[in-house]
Amino acid sequence: MGNMSIIMASPANILVINPNSNELVTAGLDAALESHRFAGGPTIRCATLSGTPYGIESQKDIEATVMPLLRIVTSDTSADAFVIACYSDPGLHVCREATRRPVFGIAECAVLTALARGERFGVISISADSARRHHRYLRQMGLLSRFAGERPLEMSVAETASGENTLARMIEIGGDLTMKDGADVLIMGCAGMARHRRALEEALSTPVIDPTQAAVTMAIGAVRASGI
Amino acid sequence: MGNMSIIMASPANILVINPNSNELVTAGLDAALESHRFAGGPTIRCATLSGTPYGIESQKDIEATVMPLLRIVTSDTSADAFVIACYSDPGLHVCREATRRPVFGIAECAVLTALARGERFGVISISADSARRHHRYLRQMGLLSRFAGERPLEMSVAETASGENTLARMIEIGGDLTMKDGADVLIMGCAGMARHRRALEEALSTPVIDPTQAAVTMAIGAVRASGI
Amino acid sequence: MGNMSIIMASPANILVINPNSNELVTAGLDAALESHRFAGGPTIRCATLSGTPYGIESQKDIEATVMPLLRIVTSDTSADAFVIACYSDPGLHVCREATRRPVFGIAECAVLTALARGERFGVISISADSARRHHRYLRQMGLLSRFAGERPLEMSVAETASGENTLARMIEIGGDLTMKDGADVLIMGCAGMARHRRALEEALSTPVIDPTQAAVTMAIGAVRASGI
Amino acid sequence: MGNMSIIMASPANILVINPNSNELVTAGLDAALESHRFAGGPTIRCATLSGTPYGIESQKDIEATVMPLLRIVTSDTSADAFVIACYSDPGLHVCREATRRPVFGIAECAVLTALARGERFGVISISADSARRHHRYLRQMGLLSRFAGERPLEMSVAETASGENTLARMIEIGGDLTMKDGADVLIMGCAGMARHRRALEEALSTPVIDPTQAAVTMAIGAVRASGI
Amino acid sequence: MGNMSIIMASPANILVINPNSNELVTAGLDAALESHRFAGGPTIRCATLSGTPYGIESQKDIEATVMPLLRIVTSDTSADAFVIACYSDPGLHVCREATRRPVFGIAECAVLTALARGERFGVISISADSARRHHRYLRQMGLLSRFAGERPLEMSVAETASGENTLARMIEIGGDLTMKDGADVLIMGCAGMARHRRALEEALSTPVIDPTQAAVTMAIGAVRASGI
Amino acid sequence: MGNMSIIMASPANILVINPNSNELVTAGLDAALESHRFAGGPTIRCATLSGTPYGIESQKDIEATVMPLLRIVTSDTSADAFVIACYSDPGLHVCREATRRPVFGIAECAVLTALARGERFGVISISADSARRHHRYLRQMGLLSRFAGERPLEMSVAETASGENTLARMIEIGGDLTMKDGADVLIMGCAGMARHRRALEEALSTPVIDPTQAAVTMAIGAVRASGI
């Protein structure tokens, strides 16, 4: 490791891509990742796709982001690892096929990280519409035996905007997931819930995983293991 | 985050515990984790248990480390997270029950990290004796559908000491795991193989996971998410 | 069913979409489906996508067909059911979300049809590259316990063109799948192998499923059940 | 296919066997299959076993039909494919061992067909008594991960006779299966519910599978693929 | 337990039924169960079905024994528990539905008993023909994750008659199951292999389960727990 | 079996070890096993560990018994088989590695025995705290597909002492497990519930398994099969 100083001068570079075109969401991600930036650690950049849906709410929205994601992953030469920051992990496998640099999906990383904190995980989702998709994805991961349940916030955008009500609702749902469904670790099933993580964890005395932090953590580990 | 400067002044503290009593192994772990230390990042300390077996090769050796591990986890008040650095994850669940601070096992973290890099993982183990134990553990994790196979080095201690032969043997075994068993990501099934990770990954063009790095990465993520 | 004559005058309409842009493949599909056309049965049309890859050999090729497929499914108002005729089932779920008319994928239908003919199925694929994708897809379907194995033809395009060698190679591979892997029903893992189905079935005394026929059969059943 | 005209003159022949001895049930099956008969398509005959129970309500009733079913399958030389039309699939495997002609069970085909229409299926059964048997059968098929639940009608014969109440009860149960259990495709778990299929599907906006139609569809596909 | 003396005077009664009509097989069972008879323990009787096949080698043979088995179970009033002594467990569920007295199948009991002795079991079967049936049965039990493999003797009747060759062949096959397939406990997949159990166990240093002994053991436990 | 008289003179010896240090519990075990002692059968001794917790209520309590258990198993030369009589099966695998004599855990044996009596088992546990541990253990056994549910008594020690209330509560819970969760066989998830077995079984018309009896039964079978 004699060339450590050179590495420090040009630290590893992690690119977090928000697949929707809402820059406010990207700004939220950027803030939530402040905790994962270190003086000597990898640079963590957050980018917003353009031309994609303003929010990702359907399989069609998901598919609309795949080719734009692929274009970034194949054209960006500065990133040492990529994080796709949407809880549906759009384009994950096509991006992996396109580069030897590691690509992480925040849903996959959230679930895997949760399994190191509890026996069975519960998911707080935005709406009931995603339940089918998420169940299919868990089957694909082969992890159904560790799944306790998923419960949706089912709040309007207006309601979600008011932070306090959102947290109260998350605590209520999280309580159902732990008390009724048997979860002992919770996942926030959306990249935009990050700011409530600590309060929720404290209120429920149960580990709570923020998916973007989980994926960026794995990205940091991957680039550091490669000595970048 | 107004108290960020205070946090930086007293960074988070991760305690990596080598359950066997061989200090050379601990020194190896310490070196392998150098890549995961940052100027502003968590302190990563490595400790050796005393009074435990010199190597962990049987279920009896595993059990002999459980109570000593528990004593460290309950008596140490400085660590913000613990890593148990033996590929059998001794005492993992009893330590988790004893503290609300996160406790990571390197086998569990290695498998979970591998699942973010490939479809099916293969394990390079030290000896065939651990196959039954590992299979039982994978069933316990509920992850058998992602398991491609495990193949042992079956080298004597003397042979292992000579680094080049060890690497050659790992490349041979890793090739069997990928070509014959269908693995597309490999796990080094021992805390002591870390120094061969990059060379093996390069030789096989396949991601290779070092279990201790995988667990320390998750520990870093956990303490940072908690703002420590 | 007093209006049966009206229905006969305007029979149900099944649209089989070849996602690649190779019209020769479409012509082959069309010929293979001749057996599934009846005087009083549904009309079976075959269409070729334009602007998509000439062959579907990678995840990128797959993704490139998704939006074009979605456009056809949402714009075509004459079809009563759709069949996506590529053994990777591109765009299956997004097309299903976009219409209440049934949409079938030939890989999914082939596997499901095989399970009504034997205990464990084997797949004859074009190349080893698809093994990871197919394994992931079988996990997603939750059907891994019925999977005996997949073996690739690994023939060049030139070799495949010569029918006799292709059949001989399929018989060899099919024999391995049944004798070594324990399959008792075989799936031809490509829309373009249809013409060898009967000869292969006869040579191996084992049921052989053509995926396009399997999907069109299910489409016929769905439109007839709805009385169209 | 030069001998197509000969084939048309003597079309394929599918024999649907009602294992109970109630000819009214057979007549109902026959009517429900009218939609699957085409001018140029296979002949679909329905036969009633004699000497078997009047209704199949227990494992003993099931076993009592096995040898009579086997006798038909081995003695009938005119059928090109067989369908066993009882939702317990009696004698399925012994009949398959006795002939190289395809034999389909309506429960198996219903489940497999449902998996091409939704993520997780729910079953509307006649009575709670069959739940244990059906659960065992789903485990045998290896399909438990796609099973949302089963709910019984629990109506008396008199109540079932009145069509309107039966449909209302099916809609209620189907609603529970979709809203409470997470099913997105439903199976009518009895050969005698066929006439309510379309109304149920319309009322719940969810695909509904009639098991006999599902099996006959697969039989049509099998005989046509064989060019019969 | 004041009436214990009365119970002792008329001890519990276990009826072991050989479903084939070969009385030599029954005599062999009877001898193999001598070890499970105690002065104060349950009476263990062995009976032979009449009118059933001389050997059970196909699904048809299996089905031919079901109704005769059911007749014994419903007509015999002296037995406190039944054991069906054929490794295909014919009629197990119909017999269970017909009586509240416990009914055991030797295949099921062998597998369950093996799971208390090792991580993964291997099966020594008579012929390869049963592999499909056994695989289906293991799926039905939900126990596939503990199955290491099945290997057939494939010996002629004449060869089997000569004890020494049979044992040598069993040792060879058992060695393959443990060394190649990963089994650490073996099941003799036929009621007639009992006399080789101890020699096989000793030769391979691996627990070997005789299925009839396993089932009779469970029957003893059941009747004693009920204080009969 | 000419040496039968010698065997009778020195019968097989089964050692049942109560891992907690409460001798009253051991006395209860001893009484519950009276039914499994025969004139000519194995001697069944019950021993109490000393220096271990008075009750086993946490993972820490479990771990505290492992080394003491191992010491007994390795030092006792008179026993032909061992039973570890705590529903958490502490030290099961380490004891198995330490001796070639069979070692049984009562939880494992209870579950395996239940699977020979019904399709899906329910567990009556002492407190909700064990649910996570038990779920993890069932995953390890690979038996989750047969698990209907677990419900805790949640009674104080004082309440449990009064037998009648305990039985009433067990009947209530057992009814929920069978009626709501779909269990058709029940396991008493504690070595100390034995005296209620028959009354519970009668009240619910459902087989009820006492775990210690289940394990001792398997131990009897194992020693008798070995002709001891």
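Order as written gives the chain letters A, B, C, D, E and F; numbering starts at 1 within each chain.
Following the convention adopted for this analysis, contacts are C-beta pairs under 8 Å (C-beta built on N, C-alpha and C of every residue); 3 or more make two chains touch, one makes a residue touch a chain.
Quantities reported herein were computed from a predicted structural model and do not represent experimental measurements.
Student: Show which chains lie in contact with chain D and also with chain F.
Tutor: A, E
Student: How big is the gap, in whole Å, between where the Cα atoms of chain A centre and where those of chain C centre?
Tutor: Distance between chain centres, rounded to whole Å: 35 Å.
Student: Can you work out the whole-Å distance between the CA centroids of chain C and chain F?
Tutor: Chain C and chain F have C-alpha centres separated by 53 Å.
Student: Measure off the straight-line distance from the CA centroid of chain B to the CA centroid of chain E, and report it in whole Å.
Tutor: 44
Student: For chain B, jot down the residues that touch at least 2 other chains.
Tutor: 136, 139, 141-142, 144-145
Student: Go through the chains and record each pair that touches.
Tutor: Pairs satisfying the touch definition: A-B, A-C, A-D, A-F, B-C, B-E, B-F, C-D, C-E, D-E, D-F, E-F.
Student: Can you list the chain E residues touching chain D in their complex?
Tutor: Its residues touching chain D are 58-60, 62-64, 66-67, 70, 91, 93-94, 97-98, 133, 136-137, 139-142, 144.
Student: Could you please specify the touching residues of chain F with respect to chain A in the complex?
Tutor: Per the stated touch rule, the residues are 131-132, 135-136, 139, 144.
Student: Which residues of chain A touch chain B in the complex?
Tutor: Touching chain B: residues 1, 34-36, 38-41, 100, 102, 104-105, 108-109, 112-113, 115-117, 141-143, 145-146, 197-198, 201, 205, 207, 210, 213-214, 216-218, 220-222, 224-227 of chain A.
Student: Give every residue of chain C touching chain E within the complex, in rising order.
Tutor: 119-120, 145, 182, 184
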